[in-house]
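One structure coming up, written as structure tokens, with questions to follow.
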């Protein structure tokens, strides 16, 4: 039987800020207009009402540049020292169900028999607090790929905003004009894991028990949100159809527009291609892992000059087949969580939804 | 063709015959002159030796007036022409100076209006037009075309065809039937700047050289396009007893005769040295 | 795997006295790729070089770094050393530990540290060196000389005398050029023709010289050692292989009143003519413009009278293709048009003439038989005014430079006048009298002291006629007074200017010219006869005003350069040239305009893209022309032109190594 | 956690250990700064200046300074290039990135280029590039271009002295530096 | 749905060109998924010509796509605003595409709108733009001075993209000699110095330290997605120096120093070549003020060395639209950094 709690925004803030004394707390926030998950610190505003961050949560576990080890040549010998990152316990607060799903997908890639120890360590050290998503963008299509915006099963703890009418006055009797905007917001909070449960117990000073009707009120809201569908796609049979369409003219037509930049892959919460490179100074250096993009020309360029994916056509085909076919074959799910970041960010409006539409027989045209 | 007309003070006083004849000739050649409203001194006489900015501001004002009319401007007087052109050049090449002048004038100066001398204006209508308009060709009249200095110097700014041996005036006169002589003093100084000082003997000497030169070249008259030159040559010829002085005409006066006007209409009677006699000798007594 | 050897030279105490050389060698041992490092007292000595050779063989070195004096000193020495040990000579780098380190810094740790840094940079660079091989271009041992004036004649003779074929191309019907028009030469007053004509004959008779007169170079392609030149031989309408030069045709030609170019229009010529009596070849050409046969179709007198039937009205221009290894450009000069100074009245007053007119007037084979007379009335002039710097040194109306020869030839004219016309009086208006040359000042002194020339320092403001005289009005700036001289004749020393078509010639041959259209030498001090285009040399006034001795000296210098080039069968090229990676070159050709040697040209390559064969444009470097400056490498955005020996990777490695 | 924060964080972790000799000096300087008073400086920071010199003029000028024994501070390291026109502006960025505190490009005087025109392009390129550097925040005294002929040994020595002084006054360069080996 | 006259003429022209086989593809715009966001379209069949649209949101620079057709010898048609035209001229000058293979469909550009700005100006809530923008895109003539949205009058200038405020070339350069004019040429635009360089001047007025902080902050945001480069029509190299794996000018790590290297390189490479289309800034997901950098350099180049003029059109060829003639004036690009004058300013001694 799930235990439900309620917290208002000021208390939640106080709790999180208090936590930063002993651990890192990552929250959605904007710096210089760029939304990302940033370490909470004095002066940084938590983006309670902001959009889903431009940069997805994957960076917290799979940073864009990630040192692996250091090497040094000494007296004819090569010494290798691992870069021992002290992985500290931390809280990732405010991820949405789409990003939470992406972590589950990345866990498959970076787990298994060839586990990425750095990724795993960071995952293990991070408590996930997810938000039920009440801010869908016009570009969102999470429901079409099987993500429920109201709940993130991967998270340790869920926060769900309570509809305004179901919030009995709580705490102090401040005059409305003295409050921060949004400070009247209340959240229904519950744990989904044992770890989440312990975390909530540590925050009992801030939490109040949910009152009668509040859980129901949320459930009602959630039921409404489940049918929000800003962008609706029919995923039925897409994977199987793609099996037949490797040589389809569709790829050539779509690729005509592609610029070959890496925006879609970098903002994608599930894209995980990386390169390993060295940075060397004299006798010593650093080996690091860094994000790469299958849309880059040099992604598959070989030392001898041959490129098995010589044109944009092969490159975008790879990207979409990977997401919709190869990933499904290997891990049993499409590598897309419907966050809509690529839809919004592509400078030439070329994105996965168009591919899905075309595969389903839709014409080039609008939805 | 329509152009703004800047007569300057000479053409309203000592050089009135240049004004009279100039207007008639222009009319004959279908050049419409519109006198600048409220024009002021060009600064040629004193301003430019006393205050550089003032010397630019005065012509700039007149140029700005032409600008208001949306017309280019012609200045018959060589000195006026010179000041307007120099001003235009300096202001075009020195934005700071231009700003200073604009402040002084209390109005903008664009430099759009171009400046043309009357010689250049008539020449631009073309020798053919002059030829066609000519009723009374000046056949047999040997003239020395005299440009003086202000029409050609500084050459870099005024851009004459040739600063040492210009041809514009010669060609116009030839088109009207006259015979311009080849003579070496076309652009020699007449000493005008000394005319208003105690050293008029300089003027007398220079004028004598010009007159001798013209006569040696076989000229019967000197033709000018400058009121200052004209008054010097007309008033300071010292002739030996018994010899006849050389008449001095504005080029517009001779064009006027050629175009069929009378000497009186053109103001030829106002010269110190009788200008009508020579015309009569050539058989244009109707004109006299 | 790189195996680099490092040798630190003590240079006696020159380096070792300041730098801790042992410490440098010790530090070098741990540098990447270094397998051997040592120090030695005099690396450039015989045993020092032997040590390097031994180490190369014993240690199987793949690269050598020598820390010693400046590479500008001994790089060549050490390259030979390395090469003799079987290593490519370009697998060597020199770290400048003497001029850039020990000689300029005190004996302290920082100096040794700097030495180590410099060695580390050299090691980093040499690790990225590639073996380079000098290319060899076969040299066509035949020279082309363009222009048959004294410069061209001298250059052709010198080259031919060294045993090499030379083709001398002259645009006019005769060689001889400007010098043939001159009467006497300063400062010796020997007769110009007397010293020139023997050379003209020599060159025409030389079995190694092919003379192509009445011909113009139309096109030059190729590069040093391998030029292909197209020459247009203008139709002379006289078959010179038949013509004996008897001159009967000229005697009989009815068109006799044509102003002679050679005589500066002071004399007349016929329509079938040779420019002057001593012309080489001494055979006539027909001037089509004035010939009655061509103008009216009627005449044919010359053909009628020619005893050899050499006249051929049907003759056509011919194009000749020549293969040459070097080109000497000696196209001479024109003279400034003094009519632009209308105050002097040139062109209006017949008795205002130029110096070159004067040369013809005073020349005994000239139009007046050597009598100096006025063109207007053929009277002998007494007072003659010479005006200097007509166009020269006048940025407002003429040219900015000094024409260099006028001061001296005017002094000569003054003397000739005084000699020829008893009682004559030369006056010279001058700005400065410049007499830098052997015997020149003395010659000028003679003009004033012995021959009574009056020199007046000042400019002339006006020349005008008075009666049958010319009044010259000017200012004597030394007296500060205006002067007026009644002259019978006025002689203008008009400026020397580039040929009107000089820019075209420069473009067609492919080298540069300056703002005055004089041809630009490769270096004003150290390469005064070379151009930026290897294999093309300059002689004479086409490069800038100069007098006859200078012209001849430059012509011989150019010839010496040609002969040096021809002395080898093949020319070794600098292997440190630019190189295009055609795979990445986009063919934008933005590198092309920065190359001073025109070594970069577009080239079409075949390529396979996505299985399809396509052709596309890329830049390509002609290694024969490239001098290895590397300007193109910095202009290339893609970074796909690189300079061998100074590659991006090498320089970046040096940068990094120095900054460690 | 943002990408950026992650990258920066990880750089902090390994920074101190990957140090080159120049870095040791740099850190020493920081230690010697008043702010870090207390820790005696084992060795003061010395400016590092990279000079790209054309072979025909400026490198020869440096040689002449040597043969004339004209002293200048040992902070300058010369890289020989055939012509100043060979110097790609990116080399300068790389030098700053690698740890140079000042950079000089030296070539023949305009008009004297061994290759006749190379330095005219140098002049254009670096007039612009210098403005770019200053615009993005590199102090004006960090980057220099000079014309030094083969006969100007004294000028070479003087320029090196001046630049060293100026860079010393500015202190260690931070702009454009690759932060992976410094904190 | 009504279509404006330009769209009408565009469709007709495209149909004719494709039907007659004169071109293999027409590059223009079509409606995208969201109103106010038309996307580049590549029309290959005459029957698809009706997909083409021209409205007030067609801001993308299409010239870049020409580079994808370098291989081959068929002709392609491109819809060209002023900035597309300037970019095409640059690409032709850089010898990356022959003028003869282009059919330039010129359209006078009144300045393009930015969907976000329009929505802001109309006070539309985030996510609720669509219907309103559809109305602007469909109904308003591209050049209309203003329109009514959300019950509010919205002036065109309020919705204009910043690069369009700075625009000095609403029409293709004359030297390009367009083959077809789809509209009247747009009137000339004369942005004020402040509009052109106000932000540059503001940075110049800062201390060098402040500027350093500004740019470090900006460059540290860069994700190195290369969108700025890949969208840039004057980045017309076949292979970018920054991708050179051999020399590795640019390291793969994403950190401030490498990012600075990236942006300084790009700045030097577009210096004086940039056509001001602003695509880099528009594409940048983290909002780097890139054109400030490029405008600074263009301005300084002009100040230092004077303007580099576009080649003039060949006499008498303009009307005929003969591509052969037009190419003559364009075929060699001038770049301020690969030319010089002896009397260039010399600040180095």
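As written, the chains take the letters A, B, C, D and E, and residue 1 is the first residue of each chain.
The rule we apply is simple: a contact is a pair of C-beta atoms (placed from the backbone, for glycine too) under 8 Å apart; a residue touches a chain by one contact, two chains touch by 3 or more.
The shown structure was predicted, so the numbers you read here are calculated from the model rather than taken from an experiment.
**Q** Averaging the CA atoms per chain, pick out the one whose centre lands closest to the mean of every protein CA shown.
**A** Closest chain centre to the overall C-alpha centroid: E.
**Q** Suppose chain centres are the mean of their C-alpha atoms. Which chain sits farthest from chain B?
**A** It is A.
**Q** Which chain lies the greatest distance away from chain C when centres are computed from Cα atoms alone?
**A** Farthest from chain C by mean C-alpha position: A.
**Q** Rounded to a whole Å, what is the gap between the Cα centroids of chain C and chain D?
**A** 40
**Q** Please work out the Cα centroid separation of chain B and chain E, and write it as a whole number of Å.
**A** 57
**Q** For chain A versus chain C, what separation do you get between their C-alpha means, in angstrom?
**A** Distance between chain centres: 72 Å.
**Q** Any idea how many Å lie between the Cα centroids of chain B and chain C?
**A** One centre to the other, that is 53 Å.
**Q** Touching at least two other chains at once: which residues of chain C meet that condition?
**A** 583, 594, 609-610, 635, 639, 648, 652, 656, 660
**Q** Using the touch rule from the top of the page, what residues of chain B touch 2 or more other chains?
**A** In chain B, no residue touches two or more other chains.
**Q** Listing for chain A: what residues touch at least two other chains?
**A** Residues 55, 64-65, 279, 281-282 of chain A touch two or more partner chains.
**Q** With touch defined as at the start, can you tell me which chain E residues reach chain A in the complex?
**A** Per the touch definition, chain E meets chain A at residues 30-34, 37, 39-40, 42, 51, 60, 64-65, 68, 126-127, 130, 217-218, 221, 223-227, 229-231, 239, 243, 245, 251-255, 279, 282-283, 285-287.
**Q** If you look only at chain D, which of its residues touch chain C in the complex?
**A** Interface residues on chain D, with respect to chain C: 20-22, 46, 48, 50, 55, 59-60, 62-67, 69-75, 77-83, 85-89, 91, 94-95, 98-100, 112, 114-118, 121, 125, 157.
**Q** Within their complex, state which residues of chain D touch chain E.
**A** Touching chain E: residues 3-4, 7-8, 11, 89-90, 93-94, 97, 110-111, 117, 120-121, 123-132, 134-140, 144-147, 175-180 of chain D.
**Q** Quick check: in the complex, which residue numbers of chain A touch chain C?
**A** Counting only chain A, the residues touching chain C are 73, 75, 281-283, 305, 310-311.
**Q** Looking at the complex, which residues from chain C come into contact with chain B?
**A** 341-343, 345, 348, 396, 462-466
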